[in-house]
Amino acid sequence: MTTARTIAVAGASGYAGGEILRLLLGHPGYRDGSLSLGALTAGGNAGTLLGQHHPHLVPLAHRELTDTSSERLAGHDVVFLALPHGKSAEIAAALPESTLVVDCGADFRLTDASAWDRWYGGEYAGHWPYGLPELPGARAALSTATRIAVPGCYPTASTLAMAPAVAAGIVSPEVSVVAVSGTSGAGKSARVDLIGSEVMGSVRPYGVAGAHRHTPEIAQNLGAIAGTEVTVSFTPVLAPMPRGILATCSAPTTATAEQARAVYEKFCADEPFLHLLPAGSLPQTGSVIGSNAVQLQVVVDADAGRLIAFAAIDNLTKGTAGGAVQSMNLALGLPETDGLDTVGVAP
Amino acid sequence: MTTARTIAVAGASGYAGGEILRLLLGHPGYRDGSLSLGALTAGGNAGTLLGQHHPHLVPLAHRELTDTSSERLAGHDVVFLALPHGKSAEIAAALPESTLVVDCGADFRLTDASAWDRWYGGEYAGHWPYGLPELPGARAALSTATRIAVPGCYPTASTLAMAPAVAAGIVSPEVSVVAVSGTSGAGKSARVDLIGSEVMGSVRPYGVAGAHRHTPEIAQNLGAIAGTEVTVSFTPVLAPMPRGILATCSAPTTATAEQARAVYEKFCADEPFLHLLPAGSLPQTGSVIGSNAVQLQVVVDADAGRLIAFAAIDNLTKGTAGGAVQSMNLALGLPETDGLDTVGVAP
Amino acid sequence: MTTARTIAVAGASGYAGGEILRLLLGHPGYRDGSLSLGALTAGGNAGTLLGQHHPHLVPLAHRELTDTSSERLAGHDVVFLALPHGKSAEIAAALPESTLVVDCGADFRLTDASAWDRWYGGEYAGHWPYGLPELPGARAALSTATRIAVPGCYPTASTLAMAPAVAAGIVSPEVSVVAVSGTSGAGKSARVDLIGSEVMGSVRPYGVAGAHRHTPEIAQNLGAIAGTEVTVSFTPVLAPMPRGILATCSAPTTATAEQARAVYEKFCADEPFLHLLPAGSLPQTGSVIGSNAVQLQVVVDADAGRLIAFAAIDNLTKGTAGGAVQSMNLALGLPETDGLDTVGVAP
Amino acid sequence: MTTARTIAVAGASGYAGGEILRLLLGHPGYRDGSLSLGALTAGGNAGTLLGQHHPHLVPLAHRELTDTSSERLAGHDVVFLALPHGKSAEIAAALPESTLVVDCGADFRLTDASAWDRWYGGEYAGHWPYGLPELPGARAALSTATRIAVPGCYPTASTLAMAPAVAAGIVSPEVSVVAVSGTSGAGKSARVDLIGSEVMGSVRPYGVAGAHRHTPEIAQNLGAIAGTEVTVSFTPVLAPMPRGILATCSAPTTATAEQARAVYEKFCADEPFLHLLPAGSLPQTGSVIGSNAVQLQVVVDADAGRLIAFAAIDNLTKGTAGGAVQSMNLALGLPETDGLDTVGVAP
């Protein structure tokens, strides 16, 4: 028997860190001892117990959070980074090349330094293999990677919704996305505009007209698939639910509904997490909560001349921590679906 | 002093009927006795007390619901119809021309018989003055009307969001709408897909690709404003909240943000219920609950070449019952804002 | 015509302050000009516009918030204080005796200095006439008051639920209260445990076993009615909704259901805001949102030998700002119900 | 290798049936092939696909529902019954004694025929071993059972909250329970009072004063533990969330907080699903969603002389389907925790 691989999670008191831990606790590798949990680190919460922040993670309630530093994270086989943007580069640089570093932040997602400069600013750190295995060529790149940039939650949903149509060339490269998200996407932040009294019973857009930092990431993904520039009009909308993203994506088309469906069926055929619903059914976020599943549907509005594609994901699972674990599985040579459900908790 | 006008409400046990009654109870005419409530009718709920269906309407708790028929509704000065589609024509035909009939259903909204045929079917009943006073020429038509077709909730939000841009000719006539709605828009219906366990914690689209019957109504409104055909791609999305619609509408533009804002400022300048938010603020449905206010914002995404306009309304108030009362006020020569708040109940 | 009375609101950017303003905007005195709004003050939000904090208060969007100080608040006829506990005494002391000061905080609620010391601490400021007009003798006291202590939200619901039974002596003086509240009762505070992601989809108790500061206030109210000490076991529970309190209160009884109902009917008979529901109906918070109504019901569990009384209120309206306006009306000699609805916004 | 055991689920289109299937899909026995799924049956939904009713159960989407009959259910090793009350007895009688029948309905829960008669009516079918393994003696009984009556959701939470105190004799036998539940406890029923518009933003009691059928079950459980009659005042409250029960239970005590805590620590010490939280922490339903965990806390209100115990569970998991699977595991000689998580999906 081989020695167990050890895993560290930086940013363990936040939502992404907590979800990574939830998934790892259910991972067959954790259960059989071939994966084990090492350092759990935090920023301001260092020195407290994990159970204070994640009372649902009962088996880890008594684990103490240490501070986030490359020293604490050194010596592990896998390091998940669930940190604020801009914090990953320095830590990653201090870790050996052989350590698998899976970054849930944005630092290494963008391939274009000028896009980084416009949407994030600060020094451009470069880009890493992108943790969306369903994209063309991604699995090969991830299987040999020791550095992985996990996609943003909106880009995961929006890219997967439009990728089949864009790849098949059946839409014009002008994509509109309106994506409705639960509140956990905004993180575990003490902000007045996020308190329950403000968000319950209300929906509101934010970061409109290209202001949201996920805009260039969606455009980058779709552009790479199309082999040409794709413009993306992206509007995120906050809805009164903790989890879930429903992306409604559209673009001009001359394809028929049947042609569109055929394209999506082919794209999803062998994908363990992509579920193209039967014609007539539409995705709902409630069906994928806690799972790594992506529910997809495509329709054509012939009057308006537009293809409309929908994707429903759990923003914390497939949109963050599940994508991270899926990528880790590939990089470690484990079965891609280990520890990842396709069955959501519903209702 | 003149005799009080009497008002009947058909469909009083449903959400639209209940909201009409809530607004009338706070109407200055009701408070000073110049408006009084006559028959309250229902279908299957005839013979029960209003309080069983609307425990919030305390002052009317003991009023008995009678059956919905032209006999019961005859003899009133104003009759509100809040009935299933297809039920209004026969009743209206049996009421005197002098009775003000305000129909919250779809029967008399569409000006095009073929659109009626395609989206509703059955005999086309014709069309009545359209109860959206903010549209060009609408107030003049409504002030002399004795028959009024109240707009649908989505058309109210979507039309008002795009009307300024369409009227000013600053967008191409290809409009995309993704509108997120609370559940009361689906009515007080015992349907499994509407029970709380199904809708809470989840968002889902429905009636996509032009299937929703509000699609031709939006196209009709915008086309009339534009003076040319406007295509509308319309996607309604159900969100876990009782009330509210947020319409996110977009179309290709070459206008600048400043040009767009100027157009919207002019359109909203003298409108009592249209509130163009300060630049940088975005509408939220939570701010307009129970009120007749419409919160608007317009932005331009120069990269994508699209103007994006937002409208937030309460679907039951401005989107149905408030629009109905506003239209009644105009038709009766009362101040347009009587009984209608601009202040929502928040948080 | 007399000069308009001017009203100041301290703490205008919070939920209680916002709700006071919402009610005043709909007050007949404000509409006819006999009441007018003067200073709107805030702590850290001084210098900002009201619209930034309360986008629903459209008519006041452009009013600037000034700092909260006795100088700013001087020169008004009425001053509402919606401040953190402990802030009212000094300000009130600096205002003339003739100014009507209505305090929504706890500073002047408790009649027992030792209770103040135990639950709040710091210097005991004394007590003012208690703004719960439905209690025996309260209207007389309030009609001549120039200082009023508005009850807490839980004490309003719990006291009104049990007052009839306690006053009639049909229960033993050992009351249990489990009260489920919406989140706005916790204020507009940037706390991680209040963000939507934490509160949606979850209920949790807090401040249990007498730790909540409303415990002695409930005991004080019921004890005064009973003329003897009443013990109160009080458990508040946070529920995923913005507004509303449902208090479930019980105590040992030997009375029959009929006797209990008769007692409640008598108590509520002439009360404009107390609505004892028909036998078989039960209160729900959704029916009273935005209104000053209190929905009540009483039942007897003969097997368990307990009387169980329920009260549903809107914590921000009858539970805070509505109670404050109701008390102001009495103190100013205005009709008690001015500006206060009995009709909630439902669904 | 032994032959796989086959499992049938009757009532598969409802919430309890769906949750049983969700848990079985994640059961190690299902994953290794030693458990397999046979007939999935339904009433009115027979002939439809499971995916139409449970879009989250992706791996079973194409399974067709057959009608519920003893013929369809015969020939399986395990039969789960998730049927309306009164439907189980006839079916169970037709199945061989050797078949493990796990009934999620009420038919075989009550040991007292007169209690059955009063709360349910119809013929009393008798009683089966009760599927709450945490109760004294229960595991032994369940390990040899071929018929199991799964407890109701409220009785699970309420019994576990008070069992330690009652067993230790530190409370008087007069228990008050106020239990707040999510809406899935009411089933997947097309009822107007359960639609999202009615339940969101509102809490309401129902089935008060002993009217709820879970009242005698709680009294039976606590009475058996106490060895004497225990009166139970039970008030269920519906809250706007899909899942979860928080039971707030109290009874007179003279014990100290420390004594109470010691009693609970001892009771929970070796229980895999009972989690007594650290002193100062309180249970929340959001922490146990989708899991079989029970979060417990006990406090003493010395002023009121009452012990207050809290339990938070997921009503569909530990409260129904999880309890059923836990009982099945015991009866089949499998590890009790197989397929059952202690980690909820949060936030």
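Should a chain be cited, it is by its letter among A, B, C and D, assigned in written order, with residues numbered from 1 in that chain.
The definition used in the following text is that a contact is a pair of C-beta atoms (placed from the backbone, for glycine too) under 8 Å apart; a residue touches a chain by one contact, two chains touch by 3 or more.
Protein identities per chain, from UniProt: A, B, C, D = N-acetyl-gamma-glutamyl-phosphate reductase.
As the structure is a computational prediction, the values presented were derived from the model and not from experiment.
Q: Which chains lie in contact with each of chain A and chain B?
A: C, D
Q: For the interfaces B-C and C-D, which has the higher count of C-beta pairs in contact?
A: C-D
Q: If you average the Cα atoms of chain A and of chain C to get two centres, how far apart are those centres in Å?
A: Each chain's C-alpha centroid was found; their separation is 45 Å.
Q: Roughly how far is chain B from chain C, centre to centre by C-alpha average, rounded to an integer in Å?
A: Taking the average C-alpha coordinate of chain B and of chain C, the gap between them is 35 Å.
Q: Counting in whole Å, what is the centre-to-centre distance of chain C and chain D, each centre being its mean C-alpha position?
A: 38
Q: Which residues of chain A are in contact with two or more other chains?
A: As it turns out, chain A has residues touching two or more other chains at 15, 184, 197-198, 200-201, 240-243, 284, 286-287, 289, 346-347.
Q: Going by the contact rule at the top, pick out the chain B residues touching chain C in the complex.
A: Those in contact with chain C are residues 15, 18, 22, 25-26, 51, 54-59, 184, 188, 200-201, 242-243, 275, 277-278, 281, 284, 286-291, 293, 295, 341-347.
Q: If we count contacts the way the header does, which residues on chain A are in touch with chain C in the complex?
A: Interface residues on the chain A side: 15, 182-184, 186, 188-192, 194-201, 240-242.
Q: Name, in rising order, each residue of chain C that touches chain D in their complex.
A: 174, 176, 178, 180, 197-198, 200-206, 208-210, 231-233, 235, 237, 239-244, 246, 248, 250, 257, 282-287, 289, 299-306, 308, 310, 312, 347
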